[in-house]
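Please find the structures below.
One chain, chain A, appears in both complexes that follow, with chain B as partner in the first and chain C in the second.
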Partner chain A sequence: MKIGVPKALLNFYYGPFWETFFEELGMEVVLSEDTNKEIIDAGVRESVPEICVPIKIFIGHVLNLLEKDVDYVFIPRMVSINEGEIFCPKFMGLPDMIRHGLEGLEDKVLTCHIKSESDDISDYSNYLSIGNTLGISKEKIKKAAKVAGEHWKKFRNYNKNGYTALESYNLVYGKGKLKGRNNRKKGIKIGLLGYVYNVYDSFVNMDILNKLKELNVEFITFDMIDEDELRNNIDDMDKVLFWTFSNKLLGAGYKFFRDMEVDGVIHITAFGCGPDSFLGKLLEIESDETQIPFMTLRIDEHTGENHLQTRIEAFVDMLKRKKLKAI
Partner chain B sequence: MKISFPYMGTVVIYKKLLELLGHEVIVPPRPSQKTIDLGVKHSPEFACFPFKVIMGSYIEACEMGADTIVTSGGHGPCRAGFYGEIHKRVLKNLGYDTEVIIIDSFNRNRKKVMENIMKLKGNNSWLKLSKAVKFTYDMIQEIDKFDKKIREIKPYEVKPGSVDRAWEKIQKEFDNAYSKRELKKAVKRSNEIINSLEISRIDERDRIRIGIVGEIYVVMESSINMEIEKVLGELGCEVERGHYLSEWVDFNLVPSFLKKSHEEEIIKKGEKYIEIIIGGHAKQTVGGIVDFKDRGFDGIIHLMPFACLPELVTQSIIPKISKEHDIPILSLSIDEQTGKANNLTRIEAFIDLIRNKKLNKYSA
Partner chain C sequence: MVKAYVGIDVGSVSTNIVALDENYEVLFNYYARTNGQPLDAIKAGLEKLKKELGNNINISGVGTTGSGRQLAGVMVGADVIKNEITAHAVATTHYVPDVRTIFEIGGQDSKIILIKDQMVIDFAMNTVCAAGTGSFLDHQAERLGVPIEKFGELALTSTNDVRIAGRCTVFAESDMIAKQQYGFSKADIIKGLCKALVRNYINNLGRGKKLEPPFVFQGGVAANVGIKAAFEEEVGHEVIVPKYHNVMGAIGVALLAKEEVEKKKGRTNFRGFNSLQTDFVPSSFICTGCSNNCEVIKVEMNGTPIAMWGDRCGMWKEKVKRAI
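Our next item is the complex of A and B:
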């Protein structure tokens, strides 16, 4: 049986888990192609106009998988991975939206509720409904979830050791090579904030990671930081946000600003993102207070025509000048 | 303490409760273009529209001397749950020394909720507090009954505008009631006001009934939804909303073993389309559509703030619900930039469509 897995949204975080899980169940895993113009165009065509770009892209990936004749498309319902917090409404309603909003998907959505107390989502009970749909025994589900969980932890360990999620993905599959010891360059360092699907989808963000490398800029993303540390940084707030990944970004942002370990912070956000409207405001306030420069890059569906790259160059130039002056 | 609150729907109610507790109440002006402009200017660009309107309204209240603002922390967890926190920071930035009291859901932070309730309770006895709450509760139930009644008869008024004026009068009646006896009298007077209206009845077949569903703020607050209920009334339609304050209270504040709320049933009806509560009122929206259809309504208008997270999920599913339940649905999003004229044209066209559909049905 062919299970399609969209390479979008949280696949940049949980992909190694989900792929391994289905492989362990003896399924053929079919991944959608890397985001490209056709995928975006198809997604835009089939979405309600006001919805955020990442969801449009996700829809494009689902359609891409349909073309590949998969039996099911895997669309988990992300509910909670931290007590008292939830996911952005669009994640929680994602299977509904795809099932009832797109033609030909009514019986093709393979879904399950994901609820967990931490980022580790390997508790097999999350996946029993998949077993029901596919006619697979509880034992098998249990075993597959366990193997997948271990695989995912390896991936996260690389990630938390300073590799990007993309590098970690390759490493955990035995591709790519380890970096030498990271000797702190004298250049500048940037805190790069954004959801995994904005930071790691190189097509939509105009390959910002490589751009930064070209410019000789070191960067750190939220996923490279330990979950507990992210949490510690927002512990003193009266009330945190409702959405876990937004809170992770906020924790990372507060750390960047307060530890003074970066020269500047870039927030990559997507057009139409609701949670980021508040997150951005909180970061702005923090930037004003700490005087660490902050820039928001907004990605939209008309990539290629925008000026992300020039804006990054200008920002980096400014940081470099600022640093020179300080010395 | 000079207390104010966010402006939404029949504000008489919040005012009453706070007054009964002996507070000096500042009722912010009904949101106007100026309110919106102020709010937009001082809100994050991509904040939701209700956030911006309320922001503007708070600033106006502060200008009028409010030193305290009470608000709810928002339930169906969405951005609204964080409104207060950002509003607070913006007000502080603008130099207003206003305390923002956010009453959160009890389950989230019991201690804090109690602390805040104590602030509002002040020196009143618990008995007085509970009496005040009970009184306002009864009052909301009554007012909402009239609110519904008004929208039912509006299309059939003989003298244009007479029903709207009656509604104004009724609200005043309630505004003047401070005791149980006076409340009873207000109800009686309001009934008289309604009965004295000249209404022309039409054939059952020609009735057009429209349900309004969507995000609570834009559905309830007429000043920012183009007074859609009035507009529809003038187009000859009876209207009922998916949100009434009384129902919100029943659902959110009254423990379910005391009273099974109507909203719970509605939510059930939406299960097929949206399985779990995803935040905001998306599930109520889909359930509401099915419920209105079950009750014989002819069409639905779905209102949402521009780019509203949960309602975009709803919007994506609407074509299918419309088809499966054979009910026309018009989805409109509202913000500071949406042209009113354009929306009004769409509403008119929509009603025409429904009227024709109905005509065809009966002539065929």
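Our next item is the complex of A and C:
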């Protein structure tokens, strides 16, 4: 049986888990292609105009999988991975949105309810509904979830050792090379904040990671930092945000600003993102207080590359000239 | 022969060229409409430079900036290709060393740059909307039958306050038509428009930023005394318009070119005035290598491709680099 897994949204965080899980169940895993113009165009065409671009892209990936003749498309319902916190409503309603909003998917959405107390979502009870749909025993689900969980932890360990999620993905599948450590360049370093699907989807963000590399800029992302450390950095708030990944970004942002270990912070946000309207403001305030420069890069399906390039260059120039002057 | 450093700013609306001498004096200053033909505009400007000063100067460095900086850089052999923000900030701090806030309004974009101790500490650019930029003013001037050069002066003669919605050009335009029908004079409406633009600019770009004097207003639109007055009213402080306000980007990148060449110990990449005879042909094609269908820009010099960009994967860019 062919299970399609969209390479969008939280797949940049949980992909290695889900892929391994289905493989362990003896399924053929079919991944959608990397986001490209066709996928975005299809997603934009099939979604309501007001919705944010990451969801439009996800829809494009689902359509891409349909073309590949899969039996099911896996669309989890992400509910919570931390007590008292939830996901953006679009994540919680995603399977329903796809099932009822797109033609030809009524019987093809394979979903499950993911509720967990930590980032580790390997508790088998999350996946029993998949067993029911596919006619697979509880024991098999239990075993597959365990193997997948271990695989995912390896992936996360690479990630937390300073590799990007994309590099970590390759490493955990035995591709890619380990890089020499401690080769801290004398250049500048920035904190790159954004949800995994904005930071690691090189199409929608116009390949910002490579643009930064070309400018000799080192960067650190939230997923490279240990979950507990992210949490510690927002401990002093009277009330945290409702959304777990927004809290992670906030924790990372606070760390970047307060530890003074970066020269500047860039926040990549999708146009119209509700949670980011809170997050962005909180980061702005922190930037004012710590005097570490902060820039928001807003992306949507119309983003012009020139504009983005100019902004990134100008920001990096500013940091470089500032550093030069300080020495 | 004196050493000269040339800065070229190729914007969407205008192409500006300056030449500075060793002591940063402006020897040459050229401002012309791009008219959608950046290469021709650059050629015309450089030819004028050659004609006026060609025998007296030795071009020791060239820099390009503006949205056409890549193309211009390839064509002239630039020593430095820099974004507009950096170029503008460098020029302004040269003329007004203690500047804190730069308002820059150009043809299709506007930006605000905050400076402290001569360093850019923050900036914002308009994103997709051209409301409140030079293009919009051009359009309205034409509609009202007022030459753009007279636009600002006319605004200053108004004694009435007319409120025009500045959020969006479409609304601003319908609002202006309504106010015309009520019988307000052209001067009143133009003043209302100037104020609306400034309000919109400050709301969009200055949001959440602390704007401190000295203020400098530059870019093509800074020639408009009506907008300058509206800025002064809005910030409650004098706003400086530098002498070379409309070529500040070009001056900035000329300064950067000088810096760069000095770093390289005096060698410039400038192709020389003779390169103007060379045939530069930019073209574009849709690459079908993958489903991204990138629009790739190709520049050929005498039939040989010398630069390509626009490909997301970098395949074409690399190919040309290796070939050279």
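Please note the rule applied: the second predicted complex is superposed on the first by the 323 of 327 C-alpha atoms of A that agree within 3 Å, B and C clash if a C-alpha of one lies under 4 Å from a C-alpha of the other, contacts with A are read in each partner's own complex, and residues count from 1 in each chain.
Just so we're on the same page, a residue touches a chain if its C-beta (ideal position, glycine included) is under 8 Å from a C-beta of that chain, and two chains touch if they have at least 3 such contacts.
The model shown is predicted, which means the values in this text are computed figures rather than measured ones.
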Fit-or-clash call for chain B and chain C when the two complexes are aligned on chain A: fit
Partner contacting more residues of chain A (chain B vs chain C): B
Partner chain in contact with A:P89 - chain B first, chain C second, else both or neither: first
First, second, both or neither for A:P293, with chain B first and chain C second: second
Which superposed partner A:D276 touches (first chain B, second chain C, both, neither): first
Partner chain(s) touched by A:K37 [first = chain B, second = chain C, both, neither]: second
First (chain B), second (chain C), both or neither touched by A:T310: second
Touching partner for A:G191 - first (chain B), second (chain C), both, neither: neither
Superposition-derived minimum Cα distance between chain C and chain B (Å): 7
Overlap of chain C and chain B interfaces on chain A (superposed complexes): none
Residues of chain B that touch chain A when the two form their complex: 44-48, 73, 77-79, 81-82, 85-86, 89, 102, 104, 108, 273-280, 282, 306-310, 312-313, 315-317, 319-321, 333
Interfacial residue positions of chain C with respect to chain A in the complex: 67, 82-86, 117, 119-123, 125, 127-128, 208, 290-293, 310, 312
Residue ranges of chain A in contact with chain B within the complex: 47-48, 50-52, 77, 79, 84, 86, 88-90, 92-93, 95-97, 100-101, 113, 238-239, 241-242, 272-278, 280-282, 285
Contacting residues of chain A [partner chain C, same complex]: 33, 36-39, 202-203, 206-207, 284, 293, 298, 302, 304-307, 309-311, 313-314, 317-318, 321-322, 325
